[in-house]
Amino acid sequence: MGYKKIKKDQLKTLFNELSKDCSLFVPSGSKGYVGFDPWDGNSADFTEWYRNTTIPPKALFFPPVEAMLRFRKGEAGYEIEELLPNGRPQIVFGVRPCDARALKITDTLFSDTYRDPYYLTRRENATIVGLACNEPCDTCFCTSLDISPGESQDVDLLCSDIGDELLMEAVSDKGEDLLSKMSGLSEASGEEESKAKQLGDSAKEKITRQIDTSGLLDKMRSSFENREYWEDVSRKCMSCGICTYVCPTCHCFDICDENNKKDGKRVRNWDSCKFPLFTRMPMENPRHEKWRRIRQRYHHKFEYFQMNFETIACTGCGRCIRECPVNVDVTEIIGGIQAL
Amino acid sequence: MENRLKEEAGKLLKEGKVDYIVGYGKGTVNLRTSPLITNKEEDLEGLVINPFIANNLSRYPVELKGRVGIVVKGCDSRSLTSLMQDKKVKREDLIIFGVPCEGVVDLKKLAGQIGAEIDRVTDAEKEGENLTLQVDGSKKTIPFRDVIFDKCYGCEHPTPLEYDMLLGSEVAPNLDIEKSLERIKELEGMDAQERWNYWKEQFSKCIRCYGCRNVCPACFCERCFVDVNMPQWVATYATWQDNLTFQLIRTLHVAGRCSDCGECERACPVGIPLRSLQRKMVEEVKDLFGHEVGIDKDAPPVFSHYEATDPDEFMK
Amino acid sequence: MVESSQNENIEILTYSEVEEVGGYIGNFEVKIRKKARLVDLEKCTGCGTCYQKCPVKVPSEFDMEMGMRKAIYVPFPQAVPNVPVIDKEHCRMFTKGKCSICQKLCQADAIDYEQEDEIIEDKFGAIVVATGYDLFDASVYGEYGGGRFKDVISGLQLERLINPSGPTGGHIIRPSDGKEPKNVVFIQCVGSRDVEKGRPYCSNVCCMYTAKHAVLLKEHLPEVQTNIFYMDIRSPGKNYEQFVQRTMEQFGALYIRGRVSKIYQRGDKLIVKGADTLAACQVEVEADLVVLATGITARHDSKEVATTLGIPYDEFGFFTELHPKLAPIETVISGIFLTGACQAPKDIPDTVASASGAASKVAAIFSSDRMSMSPLVSTIDTSVCSMCKACMEVCPYSAIQEEEITLRDGTKKKQLTVLESVCHGCGACVSTCKSSCIMLRGMTDEQIFDELMAVAQ
Amino acid sequence: MEGDNVYLPHVMKIEKVIRETQNIKTFHFNFKDESQKSKFSFKSGQFAEYSIFGEGEATFCVSSSPTRMDYLEFSVMKAGKVTAAIHELQEGDEIGFRGPYGNWFPLELLEGKNLVFVGGGIGLAPLRSLIWNVLDNRDTYEDVTILYGARSPADLSFKYDLEAWEKDDAVNMYTTVDNGDEDWTGRVGLIPPVLEEIGPSPENTVAITCGPPIMIKFTLMSLEKLGFTNDQILTTLEMKMKCGIGKCGRCNIGNIYVCKDGPVFTNAQIQNFLSNEF
Amino acid sequence: MEESNWEPKVIGFLCHWCSYAGADLSGSARLEYPHNIRIIRIPCSGRVDPMFILRALQNGVDGVLVSGCHPGDCHYQSGNFHARRKFAVINRLLKYVGIEPERVQFSWVAASEGPKMAQVIGEFVEGVRKVGPNRLFKDEKKDGE
């Protein structure tokens, strides 16, 4: 597959075109935080400032709240109406390699044994346009998890910022398809290709934060009973759900009904293992204590998920480190486990 | 200052006068500090005091079992006193290290000021009235007052009111109330519909991570009202209606307890200007009942008592 | 008093003060300070030698300071117990450090200058408050002389003068010169129905006692002329109006409807200037004696008593009943009852009625082992309570208390509990509890929520 | 594709409500859409998500036997918001039902074996599904022993079943209560000591137990004393669940998801992971 | 609901001892007040949780009236004093976030004040009528699925 390129000042035109028959999401900071917002036709200057979103792209496929079904009570009793997402194609532009990997990780979970129609419908209708990182944050540690800031096999189409232009490379058929529909592209030279590669390599070098995953599974297992360790590392945690909600792979949810017996919706919403209520049963709660919940979170990501799906459910995006109000740092915690 | 703290904190731990020291340590992210909570003497080497100690640590003694030595700034000390009023901590269980505070750097503001993200800054130090930074290898100097949190402009008690040991000399308030209330005044200038729409838009962003609640030292309930499901006052999922209702009720619950430490707003990952609600209530409670938060640890909480002469003009 | 002191079920603690009241109906824990009277109650035979021989004389409070008593004294002749008390303020043993005449003379060896206050702590099932009233201090009325004229006296002083065991042995004389008065003026509503003096209420008893005084005066001194300045005559009790009529018709009392504007001395007479609003003219009476019908006020320390008991009081210091019509004896605290003038000015029949009422209320409580209460009381879900105790602070009845329980693993835990017998079900605690862990049964959030949802539909 | 949305509930009709104890009720229910019924099957030990529309979902096992498909049953102890709403249900009301989920009692492994059922309180619900299943194919199994206990006579659930089993000569039925009352003439005693007293032989036997955690804990100890190996003991676990299909992230114990990998486990499996978290 | 024949729907939280009795009295005195009010009786104005008010508004009620005994007259001594503190703050907060002041009203009405109760309800309903239907918590558009 060959490389194409587009001038950054052409992006706006491209976006306007693309958004005609599909929903296009691009990084935007207009709401006071960076997230993927529907393309508003205004400014495509995110390439100038965008490093990564606060809310990960998972929110587009597994939204914070989504209606699953509607129930209505009529003369003949209850009627159930399935509320699946509409099949409108969707393009997400600017997904970083770490987040693209995260989507692959949640894909396995949501398609395991029982298919999750809500997530998968959206995923199937979506084309992920990746954007390689030239300027990783100091919280990034994706390289420790076999992710490279400059390249990705997890996207459909990968863009690299080479200055005034974006270099584009189709990674999947979907990407190929999309690429073929884009206008205003030109062929990229080998020089530009290697420039992109070079930028990717230099980005890789900029990442200094890391975790050591070698032998981690065993270390995790043996750390489980180390209550003192978990109590120590959890002491400053505030038990809020920020780390789980900004995590691109956290997928826990709750199912609730709208408070209306006659006509209401059943909704699915994000939930967090950091909340004591998450596992509370009327008579007992296996994870009432904070350290148990913290332990669950890290063990889930680095042990259980790996056992069940052969991959660590962390991509090193660093959001949890960045957004945590008390600076609980996953690399520190995993480092601590390795050092036990 | 730092050395004195390390020394005194070490003594407290060694002599068994406290079970934990709660202070600030260096964070793992550029410029940031992080709560340092420890019962081990060797960890105390990591204690720092600098213009980046944003966290309000007063919440921790509520959770920790035992006696605690704690580092507080002016606003934190008033949160702590408020917690004493609410009987969540006992004064005699605390050894308080007061840090006279000239303001804490708002890293978002700082990023805006230097036009680059914080991880570009390699070194930052307060020198007199200025903050000296190394940005991408070059030195930059910006006025300190330009990069501190908005709350700091409205801080009437920068020196902790309740302490056992003051680290440094008292700091006189350097008030710029107008600047501190800028956003509130702006909102007050709008008409009702505009204001409502403003908040509606803000709370459409809310994802219910409960960061605001969980960092708030005034939110000390064992079970938050949103977690009550019989009846389900507020839906557990994030709709702007329920998000707003949740925050309004939370605002009422912390009114009279909120010391305007600004932690809720700092914690919010989606940038909802929560201080504009909380600070507003600080003003209202003061105006209505003459109550200032965290001044008198022996006074009853503001909504646990009343005066026969409380304002009444809004009643028909 | 004598009779009740002999009842085996009644213990009278005189010269004692209630210091603390805790607990609740059926289980009040009361701390009583029994003040040292410096005379041994058990030993004293009541012979009276001590106060006959005591060298110190002090104006007698009981005689409204018109007579004298000793530093060791029995407050009044019928006092129970008939045992004297030493007035430390005046006793020479305490002012000068020596004397001990009484001690030397006491054959029963009952005088004990060293005696200390005794604290009694006991449990009681109910409390009846009957702390009575104070007389209004008429000296605030400058127009009546503000206390300057010896011959302007209060109704109660006249009462002492008439009394055979009073300071004059029942001889009615002018305090200034000991002469019998010929012309007496009574002034009604002194410290009653007077907004300016902060006493807007009617003292209830003055109209009738003044009428009685007029009658008694006439009986003792047939020559006397009584003149009564009044605002309205309030005589709604049984046979009261007839009594007033007789006072006028049979005993010649002259009732003048109007206020007195000024009293001044002329020679040995008091000139009383006032208005007769019925005749629409000014009147001036040359009086030998002026009697002020001073009203009833709450006891000077009623607010402290109320605070100790945890019961409310009104702006004048009278204790507030649970309901003015339907529960005039009960207070907001179950098990504490009011009787007599501590609640509001009352005359003797009213007082006796309310005392009987209180007694039967108490008897009703004591007659059964169980009580039935309103089910609308609060309950606490201690598993989610964060112990901020805000509910305790807002509870007007102190119905929420802290208790310590022992958990299954042996550890102790402090928690709050609602005393169901004390809770009145107002729900102030419920809306104060931020985490809804205290709930008012029968008016729960769930119930209100359902009502609200139904109404909002 | 229609009908493959795993989260969509069937609408079920409540056909009968049985008050078992003060706070436990059993409900007979059936498909509102008869045509769905023929497509439906389940196995003893499986559970489902039941919902009251407007209140939410809750997890219970199917307590009737797959050998008796006239109607389905579930039993509920009143404990929270949804269960309180379920307790309000009356005949003719409708509920949501999705399932069955989870694994089941391995009938093929039980064939030709002596079976000992030990149930406490509402823990009899999943067992009775299996018990009726076994009794309806009585010849396939050897001795059947049932030990059921509750706190008091008033707390005994499924009294009609107990009576039937009592009468059945092919069942060794034991009922016990922790505390008797005036009318109680039966056995008084906690389940574990009673079990030891009955003393079933571990020879060619499988014990199946379900009940409150504390009872399970001591019952396992008693079974061990009697010589049962961990492979000879089956139990079902309870954890808070929402999705029922291994996605929502609640019910894991280690990497085991109770909803997907359970709820039926051998004691050998449990010993492996349970010590970890609890 | 048709816009043209919209009638305000308001909820009144009235305390049992004073305002509810006041409303009762106005009824037995044959005084008229608008039928738009649905009354929920509570033991004391001190029982009112701000949640009641917000939840009512969120559920589309057009106005909320809270009424209790005059200060000093509380059957439970101090309930209305405590309530007044809360109301004062609620009042300011709701106004601040942009809820029309006409929608939420607090009042003191004694058991003897039948005419006042009728008047308070009347004026309140008129005030609500003026600000129109409560659309505060309505979604502008349907879920963007």
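The letters A, B, C, D and E name the chains in turn, as written, and every chain counts its residues from 1.
Heads up, the rule we're going with is that a contact is a pair of C-beta atoms (placed from the backbone, for glycine too) under 8 Å apart; a residue touches a chain by one contact, two chains touch by 3 or more.
Quantities reported herein were computed from a predicted structural model and do not represent experimental measurements.
*Asks:* What are the mutual neighbours of subunit A and subunit D in this structure?
*Replies:* B
*Asks:* Among all the other chains, which ones are in touch with both subunit B and subunit D?
*Replies:* Touching subunit B and subunit D alike, sorted by label: A.
*Asks:* Centre-to-centre on C-alpha atoms, which chain is most distant from subunit C?
*Replies:* Comparing chain centres, A lies farthest from subunit C.
*Asks:* Between subunit A and subunit C, tell me the centre distance in angstrom, where each centre is the average of that chain's C-alpha atoms.
*Replies:* 77
*Asks:* Between subunit B and subunit C, what distance separates the C-alpha centroids? Give it in angstrom.
*Replies:* For subunit B versus subunit C, the centre distance works out to 54 Å.
*Asks:* Can you work out the whole-Å distance between the CA centroids of subunit C and subunit E?
*Replies:* 43
*Asks:* Find every residue in subunit A that makes contact with two or more other chains and list them.
*Replies:* Each of 254, 256, 258-259 in subunit A touches at least two other chains.
*Asks:* Give me the residues of subunit C that touch two or more other chains.
*Replies:* Residues 394, 432, 445, 449, 453 of subunit C each touch two or more of the other chains.
*Asks:* On subunit D, where are the residues touching two or more other chains?
*Replies:* 80, in rising order.
*Asks:* Going by the contact rule at the top, pick out the subunit B residues touching subunit D in the complex.
*Replies:* Against subunit D, subunit B makes touches at 229-230, 232.
*Asks:* Tell me, which parts of subunit D touch subunit A in their complex?
*Replies:* Going through subunit D, the ones touching subunit A are 4-9, 11, 13, 32, 51-57, 79-80, 83, 94, 96, 213, 238-240, 242-243, 245-255, 260, 276-278.
*Asks:* Quick check: in the complex, which residue numbers of subunit C touch subunit B?
*Replies:* These residues of subunit C touch subunit B: 384-390, 393-394, 432, 434-437, 445-446, 449-450.
*Asks:* Write out the stretch or stretches of subunit E touching subunit C in their complex.
*Replies:* It comes out as residues 9, 11, 38, 40, 42-44, 46-49, 51-52, 55-56, 59-61, 75-79, 82-83, 86.
*Asks:* Residue numbers of subunit A touching subunit D in their complex, please.
*Replies:* 68-69, 71, 73, 77-80, 82, 84, 109-110, 112-118, 224-225, 251-262, 264, 266, 268, 271, 273, 278-284, 286, 292, 296, 299-300, 303-305, 307-308
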